[in-house]
Structures are given as C-alpha cells and as structure tokens.
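Two complexes, one shared chain (chain A), two partners (chain B, chain C).
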Partner chain A sequence: MIDQLKTYLSIPFVQYALIVGVLIALCSSLLGVTLVLKRFSFIGDGLSHVAFGAMAIAGVLHLTDDMLFVLPVTVLSAVLLLRTGQNTKIKGDAAIAMISVGALAVGYLLLSLFSTSANLSGDVCTTLFGSMSILTLTQAEVWLCTGLSVAVVLIFILFYNKIFAVTFDEDFARASGIKVEAYNLLIAVVIAVIIVLAMNLVGSLLISALIIFPAMSAMRLFRSFKGVTVCSAVLSVTCALLGILISILWSTPVGSTIVAVDIGAFLIFCVIAKIQGGIAK
Partner chain B sequence: MAQLTCSDLRLGYEGRTVLSGVSFSVDAGNYLCVVGENGSGKSTLMKTVLGLLKPLGGKITWGEGLRENEIGYLPQQTVVQKDFPATVWEIVLSGCQGRVGRRPFYNRAEKELARQNMEQMGITAFSRRCYRELSGGQQQRVLLARALCATRKILLMDEPVSGLDPLVTAEMYELIRRLNQEGVTIIMVSHDVAAAVRYASHVLHVGSEVFFGTVREYQDSDLSKRFLLPEGGDRA
Partner chain C sequence: MKQPVRNLILCLIAVILSVCPLFGASAESEDLTEPFVIDLDLSAMSGTVVYAQVYNMLCDPDAYLGKVIRMAGYYNYYDDQAHGVVYHACIVPDATACCAQGIEFVWAGEHVWPDAYPEIGTDVVVTGRLELYEEDGIKYLHLVDAELTWNQEAQP
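== the complex of A and B ==
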C-alpha cells in the first residue's frame, strides 16, 4: 500500500490535489471559528448554493472561465446576505434559506433547460458533491487557488485581533470606534472567496462541513480563541490530507471522504472532551 | 464644560419614538444613574449615547476633549458570549482595540495597560482561564477591565449587577464607587433605584415623565416617592 501511495504521489495531478486541498482546508477552518461563533454558520451554506446557481448560469452562457463569473456573484450575495441580517424586515436565517434553495432550484432548472451535456445528472452531481474535479485541476487553477489562499491567510493574520474584537462583542467594538460594518464586510467577502475555492474540492453541498466541523471539534477541547483557531486549522488540514489520500487509494469520492474524516474527528474530540470533563469533576 | 450634554433627545427605532424630551448633562467625575421601568427606553438611550443608534431628534455634544468613540462600555452579556472560547487575557486586551487604529497587533504599552487593569479588578489570577467558566461576578470584572482599557474617562454600564447574587452585587457597586472616586465618570443604567439613590450623584429617570437632577432633588421629587415606595419595601 505504501508503494502504491508513493506511485500516486509522484503523479502531478495528485500533487496538485493535495496542495489545493490543504490550502482550502486551511482557509475554510480559519474563518469557520468566527462564523460559528457569530452564529453565521448557515451563511456558508447559503453562499455555496448561490455559487452552484452561478456556476449553472456560467455553464448555460458557455463562459470559458466560470470562476470570473461565479466569484463576483458569490461575493455580491455575501454582502447582500449580511445586509439583510441587519435588517429586521426579513430575518437573517429566513433570507439565507430563501436565497439558498432559490439558487439551487434556479440553477438546476437552467441546467436542465439549456444543458447540451449528455449526462446532466452526472454534471449536477459533480457540482454538488465535487466528485473527481479536484483531480483534474490545471496548473493555472492551482496557482489561482494558491494566490487566493495566501491572501486569505494574510488577511486573517493581519486582522486577527480585530476579527476577535468584532466576533466577541460587536457593540463594544463599535462603541470603542472600530468600523464593525467594514470588518463584517471583509469577513463576508473572504468567506465568499473560500467557498468558490472549495467548490472544486468538496462541491457546493458539502462546503459548510469544511467550515463548521473543524471549528466545532476544536471548541470541544480548547478554551482560548487562539487555541481554537490553531487547533481547527491543524485539524482541518490533517483531515483534508487523510481524506484525499483515502479517496485516492480506495477511489472513494473526494469531498464526501474528507467530510467523513471531519465527522470522525469531531466524534473523537467529543469523546476526549467527555473524558476530560469526567476527570475534572 | 460638561463631558456629555444631551439636549431634548428624541429616541427610538426606525422612526418609532420610544422616549422624548430627554435633556441632561454629565460633568467629569459625576456618577449618573439612569432609572426607569422596563421598556421605558433606558437601553435605547444607552445605545444612542454610544452612537449605536441615531437620535431621532435633539443633540448629543461631547466636551472636555472627549472624542465620540472614547467611551468604556460595559454591556449586558449576549448569547454569543455564553459559550465563547476565549481567555480572560484575550478579552481584556481586546478593550485596547480602539487605541490600536490601523496597526494589526497590540504593542507593549497596550499589553501593560491590560495587565494593570486586570490587577486593579483583581482578576490577574484568572488570566489564562476561559471566560465562560467564570462566575457571573468574575465575568463582570473581566468586562469592566476591558472597558477600562478603552478609556479611563467615562464608563457606560448597562445593568452591571443583573443576575448577580446580593453579596457579589454589593462588591460590584463598591468597585464601581472606587473607580468613580478615582475620577472615572460613571453612567449606569439600572432598575435598582435604591442603589442608585445610595451610590449615584445624579439621577436620570426616564419614562412617561422625565426627571434629571441630583440625588437629593430626586429624593424630594414626587416621582421617586411613587417609584421607591410601592415596590414592596426595597428601601423601607
């Protein structure tokens, strides 16, 4: 099995998959902590469905580079969702649910009306669950993904203290002169970027898992914001690596394998937390 | 000149007036208690003074070199904070965020300030503990230390003793009184009229009738008699 793995690891597209997988896992876990704590978990879900809808439109329009279309649309939706979150007329969760299923339905409708592909359900399945698309990445896509990931990580490090302040107590932050709206906007845009990136890896349905599970697992065990953030980043990268390797060795679907590993890690962390709690008492 | 002057404020959300005709001023070193029944607009007033809400009418003026955002705020606990993984140190330090400006990280002076405030609030021993594992009184001290990191000029407190047991409540009032004696201006929203009369220098009573004056004037007013007595012997 080790030999088999070595052979696989020498193939460029497997290397690409690993690089991209690790980067996406890292980015999504960093922002995941903030998202979970701000009770925004479902924004990730809503946005990923929007990205699916946008991808369908891009496919119908026969755009050569759908990233150029999907990214702005998702960023725009992120901004809009955040706005409605603050507006009392349509409550945040209802707005997200509407946009989320709306985009999903319209996307599928468009695909089935205009698609020229012979294997429609296969296409849809690929977009929703990622399937093998991560193993067909071109070098340009890997570079784009690397660039965006580095930007996300840099932004996160530079704004770490401000993100903490805004996440822990928006009112206090606003009262002491922090531009809370600007940082919420920044968070939303970064999340949109991550989601579009992650569509390649796990597909649009499973992105939320990548964002939420590492953060939730880390929160079982760690008690400081920094501890949770670092733990969730390490955990997410480990799970992604494991998931990709397993999926290559046993040819399981990449996205769902990674998520399955994430779920496993979450359960293990829960058990450890229980045992620790028991000892502490 | 007063630190804060509010003249003929009209307050509310989305054009709906909650409270009107509010005028008061706070000098440096004052201890103002804002009292009134539930739903009388106390919290709305607080949010407006903090700049979280825009007043529907009237004017708020800051004086004595106080910038609009130079307020230490002690908010009521939110749901988010109940299971927030953060250490006491991380939270207190975040109070310095207003001083940081565009810099990404805290400098040595800010860390020192956080350390001093923790010392003064008697929470240095909990520095590495998780906020959500502390008792209610300890959590309030943490938030107070954080507010002091933002400024030592003026503190705004929203029901600082709600949910605390009587002993801890008394400790908290004592702590606030000491800060006030050191020259920190205090504005406190509270439903505890008895404590307001005991500790504050001025009282602002909001509701259908609005009263503003010193504690002595308030005790002599009809409003306070109606408010203090039928409550069932709180002050008897």
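== the complex of A and C ==
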C-alpha cells in the first residue's frame, strides 16, 4: 500500500491535486470562521449554485476559459447577497435561497436546451460533485489556483484585525472608524474567489462543507477567534489531504470523501469537547 | 504546552489514526504474463487514478505516444456502419460512475467480430502501443498491436 501511494505521489496530476486541494482547504477554512460567526454559513451554498449557473452560461456561449465569466458573476452575486439584510426588502436567508435554487435551475435548463455535449449528465455531475476535476487540472489551472489562494491568504493576514472587528460587531467597528461596507465588500469578493476555486475540489453542492465543518469543529475546543481560525485551517488542510489520498487509493469520489473526513473530524472534536466538559465539571 | 494547542494536536492525531487502518490494507496483486515491456501499467492503479490518467493521455497525447500501456476497464464497441468499421475500446468509469474515459484498441492478429470478442461490459485488460491516427481530418488515439485478455466465464 505504501509503495502504491509512493507511485501515485510521483504522478504530476496527483501532485497538482494535493497542492490545489491544500490551498483551497486553507482558504475556505480561513473565511469559514468569519462566515459562521456572521451567520452566513449558507452563503457558500448559494454562491456555488450561482457559479454553476454561470458555468452553464459560459458552456452554452462556448467560452474557452469559463473562469473569466464565472468569477465576475460570482463576485457580483456575493456583493449583492452580503448587501441584503441591510436596506433591502428581501432579507438575507430568503435572498440566498432564491438566488441559490434560481441559479441552479436556470443553469441546468440552459445546459439541457443548448449544450452540445454528448454527456450532459456527466457534465452536470462533475460540476455538482467535483467528481474528478481536481485530478484533471492543467498546469495553468494549478498556477491560477495557487495565485488566487496566495492572494486570499495575504488579504486575510493583512486585514486580520479589520476582518475580526467586522465579524464580531459591525456597529463597534464603524464607531472605531473602520469602513465596514468596504470590508464587507472585500469579504464578499474573497468568498466568491474561494467558491469558484473550491468547485474544482468538491463541486458546487459540497462547497459549504469545506467552509462550515472545519470552523464548527474548531469551535468545539477553542474560544478565541485566533485559536478557532488556526485550528480550523490546520484541520481543513489535514482533512483535505486525507480525503484526496483515500479517494485515489480506494477509488472513491474526491469531493464526498473529503467531506466525509470533515464530518468524522467534527464528531471526534465533539467527543473530545464532551469529555473535556465532563472532566472540567 | 498550552491546553488548547495540546487539544488540537490530540484531535489531529485522532483524525489521522481513525483513517490509518485504511492505509494498512493490502492490495491484491495479479500474476500476468509480460509479452513486452510495459511503460505504463494502469491495470494496477485505482479507478480514480486510471480515469484521471486516461483523461491526461487524451489531453496531452504527445507525452505518451509510442509507449506500451496496459489498462483494465470494460469492453465496448462502436459499429460505424457508414464507414464499415467497428471500433473497439476499453472504457474506464470515474468514481461517481457518471463519466467515463476510454481508449480505442486494435487487437493484434486475426479476430472475427463479434464472435471472437467479449460481450459489451465485460471486464478486460488491454496492452498495446499508443499511437495517433487521423480520420476525416480529426486525430484519434488508439492502442495498436494490442493484447486483449478477459475472464471467459465472467461475462455479463
């Protein structure tokens, strides 16, 4: 088994998958903490469905590089979604639900009507569940993912204090002179970038798991924002690595395997938190 | 060591240990005869890796042309009645079974289709040299001088 693993690890596309998988897991976990605390856990799901719809339109238009279309559309949707709940008639959760199912339905409708692909169900399955996307990346896609991931991590590190303030108390942050709207916009853009990147790893239906599970697991044991963020990042990267390795060794779907490992980690963290609580009492 | 950090390390060890038994499982090995030197043996790889490898071969054929490749999958054919040609292929499905990649092969020697060939869906192992050919201005890949083996008793 170890020899087989060594053989797989020497294959370039497996190396690409591990690099991109780790980077995406890291990025999604960093922003995951903010989203969970801001009660925006489900925004990942909504945006991923928007990305699916955009990808369908890009496919129908025969765009060679669909990222150029999918990324701006997803960023725009993220901005609109994060602005809801402030001065709009349709409040946050309803807006996310409407955009989410609307984009999914329109995307599938367009694919059904105009797609020239010989395997429509295969294309849809790949987009929704990630399927083998992460193992079929080109070198250019790996570089793009790496560049965007590094940008996301740098933004998070540079604006850590501001993101922290905006996450916990927008009113206090505003009173402190922080441009809350600008940072919410920044968070929205970063989330959209992560969503588009993560579609390669786990597909659009499972992206929320990458954002929510590591953060929720970390919150079982840690109380500080910094502690939860660091723990979430380490856990997310570990689970992504294990998930990819399990899937290539035992031929399981990559995305759902990573999510299954995330669920397992969450349960382990819950048990340890329970034991610790019992000991503390 | 601070307690939260210790907790994190303990949790990570627990997560890794919980999946470790999977990595200790032994793989089944096949004793296959070697008629010629195989450059890339896909039959010994997991389905996920084989699917991705075949995808990469189709996307970047230049890196694999001339190499002897062995692959395991299921047999399928396409009867092109317009040109009077039957194309035979070894198909590899992905883990979600919604997508499949395949490589056409030309079985070495004289074999009458369909009697000498396996039934559609039969698990087969194909070994051949990867080459490029052109038809109606479109380039295709296929394994030539291929050796085709399957379990005669296990046909669907």
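In this text, the second predicted complex is superposed on the first by the 280 of 281 C-alpha atoms of A that agree within 3 Å, B and C clash if a C-alpha of one lies under 4 Å from a C-alpha of the other, contacts with A are read in each partner's own complex, and residues count from 1 in each chain.
Note that in this section a residue touches a chain if its C-beta (ideal position, glycine included) is under 8 Å from a C-beta of that chain, and two chains touch if they have at least 3 such contacts.
The structure displayed is predicted, hence computed values, not measured ones.
Asks: One more residue to check, A:Asn184. First (chain B), second (chain C), both or neither?
Replies: In the superposition, A:Asn184 touches no partner, neither chain B nor chain C.
Asks: Does chain B (first) or chain C (second) touch A:Leu37, or do both, or does neither?
Replies: It touches chain B, and chain C stays clear.
Asks: In the overlaid three-chain picture, which partner chain does A:Val261 touch, first (chain B) or second (chain C), both, or neither?
Replies: second
Asks: Chain B or chain C: which reaches more residues on chain A?
Replies: C
Asks: Using the touch definition from the top, say if A:Ser100 reaches chain B (first), chain C (second), both or neither.
Replies: neither
Asks: Identify the partner contact of A:Thr127: answer first if only chain B is touched, second if only chain C is, both if each is, neither if none is.
Replies: Neither partner.
Asks: Return first, second, both or neither, reflecting whether A:Gly227 touches chain B, chain C, both chains, or no partner chain.
Replies: In the superposition, A:Gly227 touches chain B and chain C alike.
Asks: By the touch definition at the top of the document, which applies to A:Asn161: first (chain B), second (chain C), both, or neither?
Replies: first
Asks: Mind working out whether A:Ser204 is in touch with chain B, chain C, both or neither, as first, second, both or neither?
Replies: Neither partner.
Asks: Between chain B and chain C, which residues of chain A are contacted by each of them?
Replies: Common to the two interfaces on chain A: residues 222, 227.
Asks: Can you name the residues of chain C that touch chain A in the complex?
Replies: Residues in contact with chain A: 4, 7-8, 10-12, 14-16, 18-19, 22-27, 44-49, 51-53, 55-56, 59, 94-96, 98-100.
Asks: So in the complex, the part of chain A that touches chain B is made up of which residues?
Replies: So the residues of chain A in touch with chain B come to 37-39, 88, 157-162, 164-165, 167-169, 171-178, 219, 222-228.
Asks: Enumerate the contact residues on chain A facing chain C in the complex.
Replies: 1-2, 4-5, 7-8, 11, 13-14, 119, 121-122, 125-126, 129, 131-132, 135-136, 138, 217, 221-222, 227, 230-231, 234-235, 238-239, 242, 245-254, 261, 264-265, 268-269, 272, 276
Asks: Going by the contact rule set out above, which residues of chain B touch chain A in the complex?
Replies: Chain B reaches chain A through residues 14, 47, 50-52, 67-73, 75, 78, 80-81, 83-87, 90-91, 94-95, 97-98, 100, 104-106, 128-130, 133, 146-147, 150, 156.
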